[in-house]
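Every chain is named by a letter (A, B, C and D) in the order it is written, and numbering of its residues begins at 1.
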Amino acid sequence: MLHNVTEVSAESLRDTIAARFPQGYRFITLTCVDGGATWELLYHFDRNYELSHVRVRVPKGAVVPSISGIYACAALVENEVQDLFGVTFEGLTVNYERRFMLAVEAPLAPMVRTPVAQAAARAGEMRM
Amino acid sequence: MIFPFLKTLFLSLRRGPATRRYPRVVRTPFPGTRGHLVNDAGKCIFCGVCARRCPAGALVVTRTPAHWTLDPYRCIVCGYCVEVCPKKSLRMEPWHRRESGGARGQG
Amino acid sequence: MGTVMALFFVVVVAPLVGLVLNGADRVVTARLQGRVGPPLLQPLYDLVKLWRKEPLVVNRVQIGYVYLHLAFMVMTLVLLALGGDMVLALFAHAFSALSLVIGASSVRSPFSRIGAQRKIMQMLAYEPVFILLVVGIYLRTGSFMASAVGRLDAPLIVSLPLVFLAYLVALEIKLEKSPFDVATSHHAHQELVKGVTLEYAGPYLALIEVAHFYETFLLLGIVAAFFVRQIWLGVGVALVVYAGAIVVDNVCARLRTTWMVRCLWTVPVMLAVCNIIWLYVRRTQGG
Amino acid sequence: MNNATTSTPRRTVIPFGPQHPVLPEPLHLRLVLEDEKVVEAQPAVGYIHRGIEKLAEVKDFQQNVFLLEHVCGICSFIHALAYCQGIEELMGVEVPARARYLRVVWSELNRLHSHLLWLGLLADAFGFESLFMQIWRARERVLDLEEQTAGARIMLSTCTIGGVRRDLSAEQVGQVLRGLDELEREFDMFVPVVIKDATVKERLCGVGVLTQRQAQELGAVGPVARASGIARDLRVTGYAAYGELGVNPVIETDGDCYARTLVRVRELYQSLLLLRKALRHMPDSPIAVAVKGKPEGEVVMRVEQPRGEVMYYLKANGTATLERVRVRTPTFANLPALLAILPGCELADVPVITLSIDPCVSCTER
């Protein structure tokens, strides 16, 4: 039931979205879905009440290019996804270092579904 | 006019306070208000439908021994249990619970 | 005997009158806002509560300034009540406000410091009015002694009507009422949490409250002094002025500090200056 | 603004929130000041993250109605509505006409009380306490109407998948209509003050200007966008019964705090109009249809909240629980706009500007 979905690869994500910015698309938000072995990122756009979406699937552990350089308002939601799912965004204009939505003592990547992935996210985060 | 609020100000003097001294003066709730949940134990068959449907997990029902318990601190007073109860033994009373357990009487 | 009575009056009775006035302020404000509000003696209950609390301080410096604040406030009142030098009273009063400012700046809280800066802006706004008031009284009586006011044949209001108007605006600032309640007040929580008094707690806050009671009495006493000889008329006018201040408090939004200084230096100060010039001209031509 | 954090002596850092008296929301702003001028504002949220999106994956899709209603403690009904409409679209449920009208009634009551709440808090922010009390007195009437019709003041819990859970009797409709007349008389007591009083205008006009271009690029929604001249109101798309009732977006063009206030004040009257229309023309029909089966597929549902567009993304897989529930609340979309307009303002204006986007941090974090 989702119409106007464009599937892109992680490499062409920035170009696709940069092309949308001058066309008057408003960035609504970014949704991350835990798809087992992959992250499914869905970028929602609106133009004249019409929705369109850009979907990108990346394997877990891969780095996703940030679109905050194109849509400045995307920085906050990318930080949120980084917090809740442990996805790493490359080139974030404002990086809260996984402390945007979550407190210092909060569990890391709490939205990740499988315990294995959660443990991996946690292990990757033990830098302090 | 320099102070357009002046008129309203003196009008509210005449209308009297809109607040009330709460624990001492309690407003009567409207009929149909969802105040707190009551179970008519005579009608209840302890089937546990309410406990399974409760969005907040506030109800615990056991068949043997026949027990129906409500955790008032978890209850969100949505009335969903009343809707799904097959025997209509549950109902919502308009008065809100007191701050620490026990249904409020009249005032 | 008169001196002892006057001393007793300003040291003991004045703060009680101030307390009741503040309580009445809260009741009237509540009613105007459509609330039930606290009982009349709520300021007393607050005071007792504060007094019993543990004396917590940020640093020892700030306590000293609380005592100075209160002491100089009382001194101002005593000086005026005993008919002393008005210029000295003016400075005592200014120093009382200044001690609050220094006390507030001695802590690290940014809210307290910005409150202190704003308090200075407030002083900048209202002090000229006070100075002009003293000058006006001097031109009228030919003396800087407060006792000279009592010997006048006609009340001050007759010769200083414009200064009186300017003083009413200054009063609104001194009582920390909207639109000028920028530094601290019972409700100035929106920008500065509690402003200058933020870092004071317990008994020390109680002392500041007591000083505020003295000040309420002092400020309204000056209003009454404009009508000296008809003292009951003066008291009546003072009460009306206080009620007016409360009403204005409730029909205005809070304005910015810069706006406050601009406002004060244009209309009220100019009014007062005109009054002084008129007095001066009349004096030189008459004498 | 690159070296803003290096401490030059004249700069003060003011922690605005997370527990600030003017803003009953746990939003923290780190304000860097020069004298009383803000040069930089950095937000921090996360004080009230409740993990509702995670919990929604555990509860079944019926229970989620009540859970998602608790995302926001102000516009609760509209959250439930957005979710229910999403599920209805997934399952192909046709909602009866009367239920669609009742949904408008409760949505608009929510909007009225939300706007009144905000207007009162704004009055408090510029230090006009008596105006604040007067506005909240009017808001109390709206809450009474909500309790009369839905049985609760805030958490209405009347929306359900396939319709609504309560009907209004003819007598209740009359009561609400009379209540609205009283409410309009209350409005007349404070609205002229809000839009005409000199001290209020001094505090609002020209403060925190957001240009139309900024509003578009930063993705501002709701009254914030409409005050900058963007005619975007999702009620125009005609969900529930808005299509039959007809909605024209309220627009102002100045983009300052005063324009944002005007938009909301005019929306109060628009809501009254919509409510009267909906109550007078409510058709007769059942109030709900039975919902059979389990949802499957993906859907994005957007509705207009008092604060702007709320977006629900739902992904279902044919079981009783949903795979993913994603909520993008309007405040989240308006935060970038807030950060853009704060620098350059005076400290005294920070509460006013912050409130002018009507922040609801609890729903921002979910």
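Assume a residue touches a chain if its C-beta (ideal position, glycine included) is under 8 Å from a C-beta of that chain, and two chains touch if they have at least 3 such contacts.
All values reported here derive from a predicted model rather than from experimental measurement.
Two chain pairs are in question, B-C and C-D; the one with more C-beta pairs in contact is C-D.
In whole angstrom, the spacing between the mean C-alpha positions of subunit B and subunit C is 50. Subunit D has its Cα centroid 43 Å from the Cα centroid of subunit C.
Note: centroid distance subunit A to subunit B, computed from Cα atoms, is 41 Å. Chain centres here are Cα averages; for subunit A and subunit D they lie 25 Å apart. Shared contact sites, meaning residues of subunit B that touch two or more other chains, fall at 3, 5, 9, 12, 18. Multi-chain contact residues, meaning those touching two or more other chains, occur in subunit D at positions 130-131, 133-134, 137, 197. The residues of subunit C that reach two or more other chains are 32-35, 250-252, listed in rising order.
Shown are all chain pairs that touch, namely A-D, B-C, B-D, C-D. Contact residues of subunit D toward subunit C in the complex are 12-15, 20-22, 33, 36, 123-131, 133-134, 137, 197, 199-200, 202-203, 346-351. For subunit B in complex with subunit D, the residues that touch the partner chain are 2-5, 8-9, 11-12, 18, 29-30, 32-34, 53-56, 76-80, 83, 92.
If you check the complex, the residues on subunit C that touch subunit D are 29, 32-35, 110-111, 113-114, 117, 178-179, 181-182, 187-191, 193, 250-257, 259. Residue ranges on subunit C touching subunit B, taken from their complex, read 30-37, 247-248, 250-252.
Partner subunit B is touched in their complex by these residues of subunit D: 59, 62-67, 70, 130-131, 133-134, 137, 140, 144, 147-148, 151-152, 155, 157, 165, 189-190, 192-193, 196-198.
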